[in-house]
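Have a look at this one before I ask anything.
Chain naming follows the written order as A, B, C and D, and within any one chain the residues start at number 1.
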Amino acid sequence: MNNIYLYTLVGVGLFSLGLYALIVHAHLLRKILAINVMGSGVFLILVALANRTYGTAPDPVPHAMVITGIVVAISATALALALTLRVHTETGRVELPEESLE
Amino acid sequence: MEAITLLQLIFDTLLGFTLLWLAWQALSSPDLFRAIVLFIAFGLLMALTWVRLNAPDIALAEAAIGAGLTGALLLSALARLKAKNSATIMTEQVKNKPLFWLLLTMLSLAVTSGLAFSVLTLQENSPGLSIWVLENIETSGVSNPVTAVLLNYRGYDTLLEMSVLLVALLGIWSLGGVPKRHDSFPGQILNILIPLLVPLLIMVAGYLLWAGAHAPGGAFQAGSLLGAAGILFLLVGWQFGTQFMGLPLRIMITFGLALFIAVGVALMLFGNQFLEYPSSLAGSLIFLIEAAATLSIGITLAALFLGGRPGLRRHK
Amino acid sequence: MTLLIDILTSLLLIAGAVFFLGGTIGLFRFPDVYTRLHALTKADNVGLGLMMAGLSLQADSLATVGKLLLIWLLVLLASASVAHLIAKTARQRGIEPWKQ
Amino acid sequence: MEILYLSIALFLFSTLVVGLWRILHGPTSADRMLAAQLFGTTAVACVLLLAQAFEYPPLRDVALIFALLAAVSAIAFVRRAWAAEEKK
């Protein structure tokens, strides 16, 4: 089972991609997608590493954590989308106002 | 190398690279609709990845949520934003600031290499808690180890996770009423398809709930299917009666959490710890809690999709 | 006997894969959304159907065959409905069918 | 037989990767959605082949869920996203 490290590295890559996009993009919908990709990266690392029980079934504890995480992620996404839509109705914009540093 | 190992290696490599590429395309696509469709495809491949990683319970959850909820949520939100053209705005700091780009690239590289290093230097053989889980599986009341962890050993997690669902719903409800929309007539096809699909969804949800005790499945997967059924109803614009939207809705949404806490407290009255099931009753108690949780999770997810507090009209 | 069944399964699976390939090529090459719909439903209906037939031959119980059949029927139902909905909406939105 | 199942699963997965081209290039939203629809069907076939190859029946439930929910995203697209595009 050498795919453990392959998938772990893919998880790391997804996390970094998501982090990068989260910082670069101002559009709120894109930020929501970016956070979801980061989350998927974390889940992937957890589950891939749960396979390090050579010969026996994988460790069920990370599996349970990830199932919980998926449901939390979707509810957080729904809330974030509702907030985005509210920002849009109030201000007509799809990004948050920038705070000026002066 | 054996042919089977080789084939699996090719499959995994292709899957891994496609995942990364899809994520990159979805996050950098100038067209938001395209980004969302790519993200839906990404969810599909994640489910395949869980299959490859021996995690069928997660594959079921990802399939149910990815196919049934995420796409519908994102597409409905996009429909209401109607601002596709402003899609590639960058944050203020990024525009015309080469120094910031440099810093950001360095940060990303540092995060990636740091994480990769720490992950690759982990112990190669680490069973984690799986030994304890398997040793105590007989007293847990179920034979699927993932369900045992979720509902017995780490029942607190599940309890708090259901509270998170509830808090998210409260957050949405505090933002105002259900957005007004004028749904067109769904048409004959949907009027035939939806009444066929919904009973099947409910049936399969029941099957997954029952199977969860001894095989992959359980309350979250079953609840997600119920949520998808609710979303189908909402998508064709069928209205639930207003008498359902008041107290009955609130009772059903909180029922799962309330029963969970009630069982925990009742066990304390009999001299156990909070949520410490006696092993003779564990199986039945877990099933009872899971059944209530399935109903509540399903209705909460559908209510999240509704996007506002029913019965309250947004004035605008 | 097992050998015969294995050969039959292989043939059915390969035939199914060919239809999936056809669906993908159609999606890739056809000129407009209506013709692509046409290509797509071949993969859904025939491709998956042949695969289901092939896998059913290897199934250990009737329940498994039933589940495979149910999955196939569900995909048929979904793809036929979706194809219809998309074609109808495309017409309403004024996307012209491709003419030589 | 395992080799056959795995090879066909791999083959189907590669057709899926090729199909990504249609999501990227559209041109209309309907084309992108169609490609996603084909992905769903391909994933069903892939998962069933893997279930057979590794003789692990619970994977069939994953395929069953994919099949049950295959239409949801497309219905959301037709009923919501596409309808909104029209008003612009």
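In the analysis below, contacts are C-beta pairs under 8 Å (C-beta built on N, C-alpha and C of every residue); 3 or more make two chains touch, one makes a residue touch a chain.
Since this is a predicted model, take the numbers as computed values, not measurements.
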item	value
Between A-B and B-D, the pair joined by more C-beta contacts	A-B
Whole-Å gap between the CA centroids of chain A and chain D	22
Computed distance of Cα centres, chain D from chain C, in Å	11
Overlap residues in chain A, where contacts from two or more other chains coincide	none
Sites on chain B at which at least two other chains make contact	8, 52, 78, 80, 190, 193, 197, 200
Sequence positions of chain C contacting 2 or more other chains	74, 77, 81, 85
Chain-to-chain touches, reported pairwise for every pair that qualifies	A-B, B-C, B-D, C-D
Chain A-touching residues of chain B, taken from the complex the two chains share	8-9, 12-13, 16-17, 19-20, 23-24, 26-28, 32, 35-36, 39, 42, 46, 49-50, 52-55, 57-58, 61-62, 65, 69-70, 73-74, 77-78, 80-81, 83, 86-92, 94, 104, 108, 111-112, 115-116, 119-120, 122-130, 133-134, 145-146, 148-150, 154, 157-158, 161, 164-165, 168-169, 171-172, 175-176, 179, 218, 220, 224, 297, 300-301, 304-305, 307-308, 316
In the complex with chain B, residue positions of chain D that touch it	2-3, 6-7, 9-10, 13-14, 17, 20, 23-24, 26, 29, 32-33, 35-36, 39-40, 43, 46-47, 50, 56, 58-59, 61-62, 64-66, 68-73, 75-77, 79-81, 83-85, 87-88
Interfacial residue positions of chain B with respect to chain C in the complex	187, 189-190, 193, 196-197, 200
Contact set on chain C toward chain D in their complex	6, 9-10, 13-14, 16-17, 20-21, 23-24, 27-28, 33, 36-37, 40, 43-44, 47-48, 51-52, 55, 58, 64, 67-68, 70-72, 74-75, 77-79, 81-82, 85-86, 89-90, 93, 95
Touching residues on chain B, where the partner in the complex is chain D	3-4, 7-8, 10-11, 14-15, 18, 22, 25, 33-34, 37-38, 40-41, 44, 47-48, 51-52, 56, 59-60, 63-64, 67-68, 71-72, 75-76, 78-80, 82, 84, 183-184, 186, 190, 193, 197, 200-201, 204, 208, 211, 215-217, 221, 225, 228, 231-232, 235-237
